[in-house]
C-alpha cells in the first residue's frame, strides 16, 4: 500500500471521474490561526462541493482522529470539486486537510501528489490561503500576496493586496505548493492575511476569503463565517482587556501595536 | 536483510504455518502506563499462546535488550497465536513488543507489515488496548473506545465503553494500526483505559483486559494480573500520602482530581 | 519529478551546453557570517558569469522565497559559469544558493549531484569558501585552509593560508563537498576565514575572496564588496562601543580578544 | 555513488584480498569515554594490523575531519586485519571509526554492511567493547558482559565478567552489531567497562582490553595504553581534589560513590 507509491495513497470517492475544465486548485492547509483551513472549509460548505479523493500519507502524524459520530480514521487531506456557478467562472478543486506532513521531504512529495491529481484535470492556476503572523491584534487585517509570475503580482494593487518584500518567505504547504506548481509549469498565487498568531482567527479567515472570492469573481454567502469572526473578535477583546488590566508593559514587550515585517508563516 | 524488505525482517518461529480461521488480531503495543503491553502479555500467558513470528525493524531503537538469562537480542515485536477455546470463539493473533518505531514513516510501515501477516490468515477484525492519560489517580478507571465503523461504536454503551469525542486523537501504534486496518478493508476497535500517566498501571491494565475479554466473550484467569494491580494500588496510595504530606497545593496544580478531557495517548 | 531523481531536480537554463575545459568548481554555500555566499555572489557579478542550471531539492526547507520583484519561487542552489579571462586562467563553475539541505543524508546527495554536473565538464579541482568562527572581532581576519592532498596543503604557507590542525572539522556543505570530491578522484581545497559568528561579515568575505583570487591568479574588481566591508566594520565598531559602555566584564566572558582554536563552522 | 548502495560506499585499500580463516570481528566504535575506540586503536597499533577497507556513509555527520598532516577527508569507519600470531589463535578483523551514524535506520544499515564484509571471510564470532556509564570514579572498573548465546554468558564468571541484568540495554553500534550478528547466525559478545562518563577514560579502556585479550588468549604490549591510563588517573585525581575543596555536597548529589545500576551506554 502506502510505501509502494512513495508513502502516499490516494482513494477516490467514486469510480466516476467528474468532467472539469482546467479547474483552479484552491488550497487551505491547516496552519497558523487556522486561517486557510477555516476559509476553505467554509468555501466547500457554501459551494456544496463534491468529495473527489482522500490522500493518506505516512508522513502525517501516526495517529487516528475521531470524527463526529465517534468513528476513527487516519489523518488525511481531502480534495473536493465544484463546477463553475456561471459561464464566466471556473471549475474549482478545493483542498482541505487534518495535517501537514511532519518532515520537509514529505511536504515536497505531498505538493507533487496534489498537483499530479490537479494536472489530470488540466489545472493551470493554483491559489493558497496562508497566515502572515504579525504578533499583534489588528482591527482590519491586511492581505499580502506573492505569485509565480510578475503579471499576477502586478494585479495585486487593484485588489488591495500588498506584494511581499524581497527576501520574505512563506513556509509550509501553503507556500511550498505554489513553488512546486511553478516548477511544473503552472501559475500560483499565495495570499496571506495578517493574524496575531495567538488565536484561531476566523476574522482573518473571513478577510482572506473575501479577497480570494473577489479575485475569482465569485459570490459566497459569508453568514456562518461572519458569526465565527464575531466570536474571534470577542475572544480578542477579552484577551486585550486582560492585558490592559495587567499593565501596559507586557503589551509593549510581547504584543507591539505596530506590525513588524518579520514573520511569515503559512 | 533488513533494507531489502523496507527496513523490516520477519522471522517465523516454525516453518509449519498454523491453520487459523479469520483470527482476531489483538495488539498491546508498549505505551503510557504499559497498560496495553501488560494486558497482552497476561493474555498470551494465560492462553498458553504459541510463538508465530518476530518482527525486527531498523526503526526500533538501535540497541540490544538483555533477556532473563543474560542473553541479548535486538528489540522486536512478536506475534503469538491461540486457537479458539470453544466453538463460539475466534482464533486469536496476539501482538506484543519491546518498542514502537522511532519515526512516523516507520510506524505506518510496521502497521502494514503486521496487517500483512494477519491478512494471510484472513483476519477481518483488529482490537487494540491503549491508554487514556488523564493525569489523575482514579479508583475505577473508565474504558473509552473508538472504532472504524459506526456499528461497532453503537455497541459500546452495552459494554460500558464510553465513545470518544469528535476531534480526539489516539497517537502511536495502538491508534494507528486501527486506521491502517480500515484503509485495508478490515474493522478495527481501539479501547482506551483511564490511567494517570505517572506509573506503570497494572490496575488499568486489568480493567481494559476485562473489557476486552467481555467483548470477545472469552474467560481468562486474572489472578496474576490482579496481584500486580494490588501492587499498583499500593504504589499509588504511597504517592498520594506523599502528596498529602507535602500539602494540597502541589496536588491541585499537578494532579487534578477531576479528569480533564484532553490527553489521549496510546 | 523530484523523487524519481533522488529528491533532486536539475533545471538547465538553456538547452545549449557551454564548452568548458576542466573548469574549477568554486562554491560558496550560505553559512556562518554569509562569508562564502557574499564572496561567490560578488565573483558571479564581477565576472558577468552565465546562468548554467538550478538545483531544487526536497531537502531544502519546504518554503518559497520572494525575489526582488515580489515573485516567489522554491529555494534552490544555482550554478553559473565563466570562461577563462586569459589563456593562463581556468574556466570556472560558480555555485551559490539560498540554503543548505536540512538533513545529513541530503547534504551528501547534494554534494554528489553538484559534482556529477561538474564531472560532465571534466572538473578536476574544487574550491570552497567557509567560515572559521572564532567568537571575536579581529582587525585582520586570518585565512585557514585544508585540502584533499598534501601537495596542496604544502602550498598554503606561500599564500598566507594557515593549515588547519589535526582533529579539526569543517561542517556543512563547504566542508563536505571537498570530502566527497576526494572520494570521486577530484582535488579539493577548503579556505576558511576568521569571523566572529555574530554578524553578516562582508569584511571577512572580502578577505577570503582576495585569498582565493590570488590562488586562482585572477583579478577581480572588489569595489562593491569593499563598500559592504566598510558597512560591516561600522556595525562592528558600534557593537564594540556598546560593549565598552556596558563594561569590560561582558566583553571578557563572551567575546574574548584572543581567538580560541576551537570552532570551525562552514 | 553513495545512494546506489544504500547510502554507503566501501573502498578497499588493495585489490588483493587477504586470506583470513573465520576471523573474529572486534569492534570499538567511538562512544562514552572513548573506551572502545582507544582499546581498538591500541590493538591495531600493537598488532601492526593491515588496512583492509574504509566505509563511508551518508549518515555520518556531513563534515570533513583534518588528519595529522593537515589533509582533510570524509568521516569514515575503517576495518583492519591481523593474521593469527600463533596456531592457537584466530585471525582478526578490527573495526575503528570517526563516528557512529546519526539516525537509527543508518545504524542498522552500517551494522549489516560491516557484517557483510566479515561474512565474506566466514566470520562466526563478533566482539565489541562498550562503556558501562556509572557516574562515579572507581579505582578498579568492573567488566560487564552480555552475549547472543547462553553458552557464552556461562563462561563470563571464570573471566571475571559480570553478566548484565534482565531488562538492561546496550545502546549504539557496540550493542546493535551484536544483535544484528545474532540475526545473521553469528555469535556476539559485548563487553562493557565501568566508566564515569565524565572523561575520556584510558584507564577503563586498558581494563576492557585486558579482559578481551584474556578471552581471546592473545598477549598485547600495553605500555603505551598504560601511559595514557596514568594520565587519566591524574586527571581524575585533579577533578576529585577540586570536588573535595568545593565541599562534600556537590560530590554526593552529582557523583555518588556507590555505582548505580542504571545507565548502560555503549
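Worth pointing out:
As written, the chains take the letters A, B, C and D, and residue 1 is the first residue of each chain.
Throughout what follows, a contact is a pair of C-beta atoms (placed from the backbone, for glycine too) under 8 Å apart; a residue touches a chain by one contact, two chains touch by 3 or more.
Source: prediction; values computed, not measured.
Counted as hops between touching chains, the shortest connection from chain A to chain D is 2.
Separation of chain B from chain C in touch steps, taking the shortest path, is 2. Look at the CA centroids: the one farthest from the centroid of chain C belongs to B.
Taking shared numbers over all numbers used, the chain A to chain B interface scores under half, which places it in the different class.
Note on chain A versus chain C: their Cα superposition corresponds to a rotation of 90 degrees, in steps of 5. A straight line joining the Cα centres of chain B and chain D is 37 Å long. Counting only residues that touch two or more partner chains, chain B has none. Taken together, the touching pairs link the chains into one ring where each has two partners.
All chain pairs in contact, by the document's touch criterion: A-B, A-C, B-D, C-D.
Chain B meets chain A in the complex at residues 6, 104-105, 107-109, 112, 146-150, 153, 156, 163-173, 175-176, 178-180, 182-184, 188, 190, 266.
Within the complex, the chain D residues that touch chain C are 1-3, 7, 9, 11, 56, 58-74, 102-103, 106.
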